[in-house]
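Quick notes on the structure that follows.
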Amino acid sequence: MPASNDLRRRIVVTIAAFGAIAAAACLAAPLVGTTPIALSRVFDRSIPFADNVDAQVFFIARLPRVLAALLVGSSLAVAGVVFQAFLRNPLASPDTLGLSTGATLGAVVVITFHIDATMFGVSAVPVASFVGSSIALAIVYAMSVARRHGTSSTVLLLAGVALSAFFGALNRLVQVVGDFTDTFRAIRWMMGSLDVGSYTDVVVALVPMGAALAAIAALPRVLDLVSLGAAAAESRGVDVRRAERLALVSASVLTGSAVSLGGPIPFVGIIVPHIVRLIVGADHRLVLPASALFGGSFLIVCDVVARVAFGPAGMPVGAVTALLGGPFFLWLLFRRFR
Amino acid sequence: MTRRAALAAILAACLGAAADAAARRIVSIIPATTEMLFAMGAGDRVVAVGSYDRFPPEADALPRVGALLDPNIERILSLRPDLVVLYGTQTDLRTQLERAGVPYYAYVHRGLPDITQTIRSLGARVGVVASANALADRLERQLADLRARVASSRRPKTLLVFGREPGTLRNIEASGGVGFLHDMLETAGGDDVLGDVKQQSVTMSTELVLARAPEVIVELRYTRGDAAAAADLRAWDALPSVPAVRNRNVLLLQGEEFVVPGPRVAAATAKLAAVLHPERFR
Amino acid sequence: MLAAHGVSFAYDRGAPLVLDGVSLSIERGGIVGLIGPNGSGKTTMLRLLSGTLKPASGRVTLDGADVGALSRRHLARRIAVVPQDTHSAFDFTALEIVLMGRYPHLSAFELEGATDLSIARDALAATGTIGLEARPFATLSGGEKQRVVIASALAQASDVLLLDEPTASLDPGFQLEIAALLLRLNRERGVTMAVSTHDLNLAATLCSDLVLLKGGRAIAAGATRDVLTRENVRILYGVDADVADHPRAGHLIVVPLARVE
């Protein structure tokens, strides 16, 4: 029977347990890979870095990749939790509002029209994909503002479907204009890749992600209330319109940053919140932090599998999450609609 | 000669003549086969080309009817072709042409030896057997010469890259151990670091580059006049332990001949051999 | 205590008025019924009374203060709403649903304390659902769900309870149960209530006063005995009904007999 110190205790235990899992994943993942490396050599200062293959594998090939997986997985999972609460639909995902498709369109435009500029050490593709997802967000936001009495979740869902279809069509249109090497490059991007190879991309993504996570950290109880419906939340004292805007914008920024960094990696935003809820229950004060930590761990593990389980060339991480996610999604549907 | 044999011979000659006469209006939607047709002297019979066919300049000026993903069946049929050269995998287009009674030649994109084989069979199909065979013979001779020239040199471990996100080392697309790029590399006297990976193209992770430690990295670029490309090679400096980076053996080759497995393949392989074994080509 | 003064409302600019100059008042400790056919504006009226919607013209006041000027949090401490249906997208337990009613009494990051828990359990006991505390809300029956939602509204410790069609989706057994519960809450805890319903017999059971709404206008208001007449039922519903005292029920009952125009 929950009492207040009970809930506080559960929150602490949850964060500690999932935090430990995330820490373990971060520490173990850079040690695993197709290339055998020796930790002693990695940290051997006597070998100049330029000659130290083991150190380069660890610090350039693997560690940034693990950090990127942590950030992207965490962001997608948290965005998933927020969208599922506000759309009152446990099958919603970060792409339900068309954000990933918008981000993909941004990337495809840059790739097709050979816009190869680099700003602050970040290449044009991630910037363009962030812009693309922001445009999708702006459209959804405008719809939310235009309705005087709060947005019904049905309207949002339908708008998302329409936006996804529209941006998807624009996507195909742009690809037809390009030549086949551009198309190939675009398709590769769409499979997702966490092989960032440098810390710049990670640090740049951290800024919007951090801001968005901070905003969402104030919302867990609101998410509980809103999941019963806008009217139910309103009558208990929640300013639903303000909360909706803050939550949707933050979750969209998270999604946009995650897709810019790693490409549109599917299913993380659906699978992770569900697994977390099976373990900790429905209270968002537990679900949010647990999803953030478990999302990062989950994607780190998927990336390790992508790196080592399919021969030296590996597989795109999006394929691994899809292989896991598809059957999982079907199982979820069975459970709910038996 | 018996009467029957004579009749058969006349029949064959007529059919042969019919076949010869049949390919007078050719539509080729593949860059490789377009180049082949022009190189074997059948260029004047080509009435339309694909979206990406740019060589030779005469081909660039012809009307375009789409390519692998988006062939425009109406435009193709409106040109009244008597032969359409298409990809073997374009089943929809094939069905439509069969229904319209238009003959086609199905092209399959494979390794280096298949290029000359295709030249010969396409030449027979079109009716320019002699010049097609001459072209094929010439190419095979050139490739054999190259092979001989570099035979006694040490084969450096080479990575052949044909795609990459500019400014970064993300999404590196390299040639695997299968396909005409791999064959070109082997002919040019290089040891493919990805020779054991049985795929035509490999998306290389940073770790794989470090693990395979190529001695030479050759980047292929197709867009003409890509000025930024040379400066972009500096992206590889992020991996200083790779021998190619350390010894400044990251090289750039530009030109469409590297992506089109057609008659210019010998010239392309020669360029590749020249950068791998400069001492043999002074 | 809670009153509407000539309120009008339309859902969109230029759309027809859903409510047109309606005034009503709910006295402290009373149970007022809003009755009328579908589309008469009953639900909209409740939403205006709770402060969820703002009237296009006119005012809603709580103890004389304009409801629009009060903060949402403050309003939630004074007025609680029980909607017709409650769907939980996630597997909250009954107790968790009830604890959500404590939200207006807690500050931003404050967790529910021992007091909040005892208030919640108290509310569950008052609605006879204490045994369902740990059950997932989604697995409860219609009657149980409705009682838990009422408990959640009770946990808000508000003076006023607004109920929208509280028994519409319940079978006769649960209808009686909820009606008895509401009467008990009103008598024992002095909870002021407004109930919107088109179940005339429920209105007759529960409500001391009625407001009759048709086409967005109040066509009659007053004590139940005065207002719930055969004539008014005909005007409201186009139905010829028998309205009489029932000796065993102890209140008026309405028996619809025939459709008239």
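Things to note:
Order of writing sets the chain letters: A, B and C. Residues in each chain are counted from 1.
What we mean here is this: a residue touches a chain if its C-beta (ideal position, glycine included) is under 8 Å from a C-beta of that chain, and two chains touch if they have at least 3 such contacts.
All values derive from a computational prediction rather than experimental measurement.
Chains touching both chain A and chain C: none. Among the chains present, the centre nearest to the common Cα mean is that of A. Averaged C-alpha coordinates give centres for chain A and chain C that are 42 Å from one another. Chain B and chain C, compared by their mean Cα positions, are separated by 77 Å. Chain A and chain B have Cα centroids separated by 40 Å. By the touch rule above, chain B contacts chain A in their complex via residues 51-52, 67-70, 162-163, 165-171, 173, 176, 194, 196-197, 199, 202-208, 210-211, 213, 222-223, 228, 238-241, 246, 259.
Interface residues of chain C, counted against chain A in their complex, comprise 11-12, 47, 50, 52-53, 72-73, 75-77, 79-81, 83, 86-92, 95-97, 100-101, 103-104, 108-109, 111-114, 116-117, 133-134, 156. Those residues of chain A lying in contact with chain B across their complex are 33-35, 49-53, 56-57, 60-62, 65, 114, 116, 118, 123, 125, 176, 179-181, 183-185, 188-189, 193, 195-198, 307, 311-314, 316. Residues 1-4, 7-8, 11, 84-85, 88-90, 148-149, 218, 221, 224-225, 227-229, 231-232, 234-239, 277, 281-283, 285 of chain A are the ones that touch chain C when the two sit in their complex.
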